[in-house]
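Structure first, commentary second.
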Amino acid sequence: MVVAITVLAYVFIPYGYNNQFLLFNMMMYMALAQGLNIIYGYTGYLPFGYVGFFGAGAYGSALVIIYLHWSPFPAVLLGGLAAVLVGMLLIPLFRLSGAYFSIANLAAAEALYYIIANPHLASVTQGPYGISLPQVYDPNAAYWTMLAILVFALILSGLMRRSRFGLALGAIRENPVSAEMAGVNVVRSRAIAWLLSAFIAGVSGAAFGWYISVFYPETVFSLSITVFAIVFVLFGGSGTLLGPLVGTLVLYGAYNYIGISTPQYFQLTYGLLIILLVLFLPSGLTSLLRKRGIDVP
Amino acid sequence: MLRKLVLRVVLAAVATAVSLGAWASPSVIKIGTLYASSGYFSQASTRQYDGLKFWVRQINAKGGVYVKAFGKRIPVKLIAYNDQSSTMLAASLYNRLITQDRVHTLVADYGSVLTSVAVPLAQEHRIVLFDETGTSGKFFRPENRNRYIVLTGLPTSSQWPKVLAKFMHSKGIRRVAILYAANDWSGSQAKTLNQTLKQDGVDVVYFHSVPDSTTSYSTILHSIAEYKPEAVAEFGYSDNDIAFVQDYANSGLYFPMVFIPNPALHFEVVRKAVGNKALRYIYSYVAPPIIRYNREVTYGPTLNEFKAAYAKAGGKNVDLSTVAGFNTGLIIQKALATAPKFTQESIRDAIDKFSGKIFTLDGLFKVNRYGAQVGEFLPVGQVLPTKTGVALKAVFPSESAVAKAVYPAPRNK
Amino acid sequence: MNLLEYALLAGLFYGLYFALVGVGLNLIFGVMRIINLAHGDFLMLGAYGAFYLYHLLGWNPLWAIPIELVVFLLIGLPLYYLLVPRLQKSGDPEMLSFILFFGLSQVIEAAAVFVFSNNQRSIPASVFGGAPINIAGQVFPVSWIVSAAVGLAGIGLIYAYLYHSRPGRATRAIMAERSEAAATGISVNRISALAFGIGIAAAALAGIFSPFMIGAIEPSMGIGITVISFAIIVIGSLGNPIGTLLGGLIYGEALMLMQTYLASWSELLPYVLLILILLVRPTGLLERAVRSA
Amino acid sequence: MSPDTEPVLEVEDLHKHFGGLKALDGISFCIAPGEILGLAGPNGSGKTTCINAITGVFGLDSGAIRFAGKTINRLPTYRRVRLGINRSFQVPSPFLGLSVMENVTVASVYGGNKKRDPDHILEITGLAQIKDRLAGSLNSSQQKLLDLARALATDPRLLLVDEIGAGLNPNELARMTDQLRALAAQGIALLVVEHLMDFLDRVTDRIVVMDAGKELFSGQLYEAAEDPRVVEAFLGG
């Protein structure tokens, strides 16, 4: 139901509304928010360096397009795999708890950024000079690809909520020791959620790189991408399918309509919003509905 | 696939409508641009935006810009959004300018990073992008086959250090150290200087990059000193330059020549941050307004006239970005005044026709087929003491020079 | 050889200074188990304070020290009561505080853009007077030596506070076991508020010298400094303010050696150090020794 | 030996140290199906460490743990759970954010044996009435029952019960005693860790008394009360 409405919206809005990139970004953030939700909402680990997967995906796909002349669709998938690879390298970080995990993950994303942007690797990654993909530029195709990614993310997230795997993740989030005592393979379940989450960010990054076709390392490793995704999830309510969608719709919409006329207030508003959310509504908008006994998908 | 087809048809219909509409004269000429009021590029971007705004005000005071295709003056409406130095937001806003506001002319924000996202968009939507200061070479590669971009101001950044290399050669400098921050703009200058010097037979004894965010150079300066260079060139953004010069001044080290690029772009910012003393005898490029094109100017106001008018209108602190913004307005003005048809293609062809034939306060305007600026060049300047403090003065080549270079720099400055 | 000596000495000065940069974050973490992600932003505010005192009133940055210590202590106390007790009642204070202070960091940064604009600012290093100083045959800027000395003094004062004053001893009791400290009649909130204020004041103090050691001041400098500080305190050992000294020194030396021999990779350093230490010894290098002491 | 009397669990000479502390120092014992073995000892004597070792929370320095004749030393916890080992926690640790039903369902789905119907488990533990409530909203004795229910949902052959009597009122204690006896009657082996002797007295005959990671005494409960070493350990501890 939620998925169907979303798809219909993104299929038909472009005919009436012209700023395709805004819609693209909206889809992208919805997918990223769902991806983040899979790891944060369902397992409780907050990856502050989530953008690292996004950047890995953008670069992974761009490099196979440039050097191996892949066509964009397989390249986007490869971008997802590149992010999964990075995710695998970071699995040892799960030995850390809570905020340590978050900070270490942030450090890892920054390290990846500095490696890619390093001029010594310019012959491989183009270093600080950035990527340009005029040969495959096709924003319409990238738009539909992003929609497919969003649908994938929504279905995945929806399945998580209903399936036994989602239940296991919930158990891990609540208490990893007891989860193990319930027979859940904590390490493997968490790793699967982590890699799925990385994959979504990776393909999103790859589609984004394809859509804009010219980008610099700082564009696709910008910390603000993580921040947006986190705020959208928190605002809407983590651990639900609807929460991140609503969060993105409301806040990203506001960002584009209020934010552009008076942007100087925006960072301030976002910051205050985060503070107020944590203090007064730590489970997000959807928790208001749930408190009234309304079941939120 | 069907949807894609439908979308294509719709797009084509829109494009047809736009080009048909091109024959009817619009009530205003819509110029769309972006600026950054916050973030990394805000300082230069707002100046550049101010320059463009000033041009709009001036031209509207005359009743609008003359459009040859309609044989009359039409008022200009500037539609500008704030991208906050974010490429992601910028991409969305360029999109909005093109697809929703349907601007007639698209002007990029400051610098290569914020320009980058507009380049493919403009090409896709077949609208000429007036690129003010996005000097990255990759926008202008022949293989892009992109006719929809024109670099109105400075040459591509890789061209900048060519005169610098000649200067070093002319002073008999044999050993040069090059240090650069890892970004497109700095890296391409460093690369060119390295290659040009090597062709001239000058030894590049040190050629290294540092991360973009480096702000502590003392240790690096000591490593450089080990190679005993006669000249050190550091390429970076202004905070790199500021830290580099400060650390050099405090290091107790001495090099006969030290070069940094940013005083040419915003001299006062650098001077205020590091103080007069540290900046003395440092070399940089010189560009308008420091280099004053007055006699040579064949189109638009001379630099002195511009400065006077700008000050009268309440503007202050004219720097290169201000001039670049204003100059873009001039190029648009000339293009509309000469293009026989009011279409993007006609405008672009008109630009090719007057390319190389007009000289503005920003220098000779000359672009190649792919829009890269090849007319302007950047002389070498040096920060020299004056009665009231310090000033950056052109010292090379001789036809641009207003002062004589002090080389080697005095030891106990 | 000459270069190596220079790098090692420079690393020493940097290390002492960076210990001061990190110590406030560590004190707050040790007492409240809260990661103050706005740490770097308080440092930035301290830097602007010194900048304006210098540029508007012509005051030497050294005068900024007493003023800022008082001002930031006074900012820290109410901020504590506003945010922290409420957080600690929640289900997951460590994670939520992490997000909350991130929000605070955004607010401070945005407000700083309003008030100070985006222009990069700096204080000329010549404010501490003349010629560079010659140490062991190497020449160093005076500003480095002053910054390092203040860094050392700052750590020393915090040591004295923790080990030789009554509230300091109570602070250590809370660090060891919060609930038991409360049971013995220590006013946990008051002592924590004080530690919070001191932590923020220490960040501001480090900020005064940031133009000489870190680079130009700008509103967005905070988050990067927070990450570096975090690396330093993790190396030294989390929750142990004195361990920060070791963390700072290791970071300073490593940074200078990297800059000398592998400059283009030096930016990776804090991140790689942080990940390695977290994975290999999450308790930090000093933990064992301090526990038995 | 007939299959019935073959021990379901054998621990042999377990050693584990943390830093300078010897938490387990050569403890050995075994339990037969349907048997209830008490594990007593003063605080810090290594009882809970013993449970953690058997469930695989950490690796051992040396020693062997055999379950149904198979050495399980190196298996991760969830594999041991699926083989049929489970426990309750000293401080009950249900999944606070999940409902009672979900708590039990997770265990019955992942714990290895799907034949255990969650509803049935809730019935026998007396939680059926509150199955839709969040575990976080239960009181502590209900949480203890839920902990037990979660363990039972994995169809265990060996149940390690850690200080389950603490904090229960006499009524609840009596019910818990019956419950444990009933489980043993079904053939489940129980290791009941308790430092309260009188609770042990009601559920078991045979006990092992630990001190400083070692076995101090092994035999009948009434004998233990007369053993001077045991008396000293409890009074001195």
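Letters A, B, C and D mark the chains as written, and numbering starts fresh at 1 in each.
In the analysis below, contacts are C-beta pairs under 8 Å (C-beta built on N, C-alpha and C of every residue); 3 or more make two chains touch, one makes a residue touch a chain.
Quick caveat, the model's predicted, so the values are computed rather than measured.
The chains that touch chain A as well as chain B are C.
With centres computed from CA atoms alone, A is the chain lying nearest the middle of all the protein shown. For this pair, chain A with chain C, the centres built from the Cα atoms lie 32 Å apart. A straight line joining the Cα centres of chain B and chain C is 39 Å long.
Averaged C-alpha coordinates give centres for chain C and chain D that are 48 Å from one another.
Separating the centre of chain A from that of chain D, both taken as means of CA atoms, is a distance of 43 Å.
For chain A, residues that reach two or more other chains under the stated contact definition are 114, 118-120, 264, 266-267. Multi-chain contact residues of chain B (touching two or more other chains) are listed as 38, 182, 209, 211-212. In chain C, the residues touching two or more other chains are 113, 264, 267. Pairs of chains in mutual contact: A-B, A-C, A-D, B-C.
Chain A contributes residues 11, 14-15, 18-22, 25, 114, 117-120, 122, 127-130, 132, 134, 137, 139-141, 144, 212-216, 218-219, 222, 224-225, 256, 260, 263-264, 266-267 to its touches with chain B in the complex. Across the complex, chain B meets chain A through its residues 3-4, 7-8, 10, 37-38, 81-82, 84, 86-88, 91-96, 99-100, 113, 116-117, 119-120, 123-124, 136, 138, 143-144, 146, 180, 182-184, 187-188, 209, 211-212. Remark: chain D residues 55, 57, 76-78, 81-82, 86-87, 89, 93-98, 102-103, 105-107, 109-112, 150-151, 153-154 touch chain A in the complex. Those residues of chain A lying in contact with chain D across their complex are 164, 167-168, 170-171, 173-175, 177-187. The part of chain A that touches chain C in the complex is made up of residues 44, 46, 92-93, 95-96, 98-100, 102-104, 106-108, 110-111, 114-115, 118-120, 223, 227, 230, 234, 264-268, 270-275, 277-279, 282.
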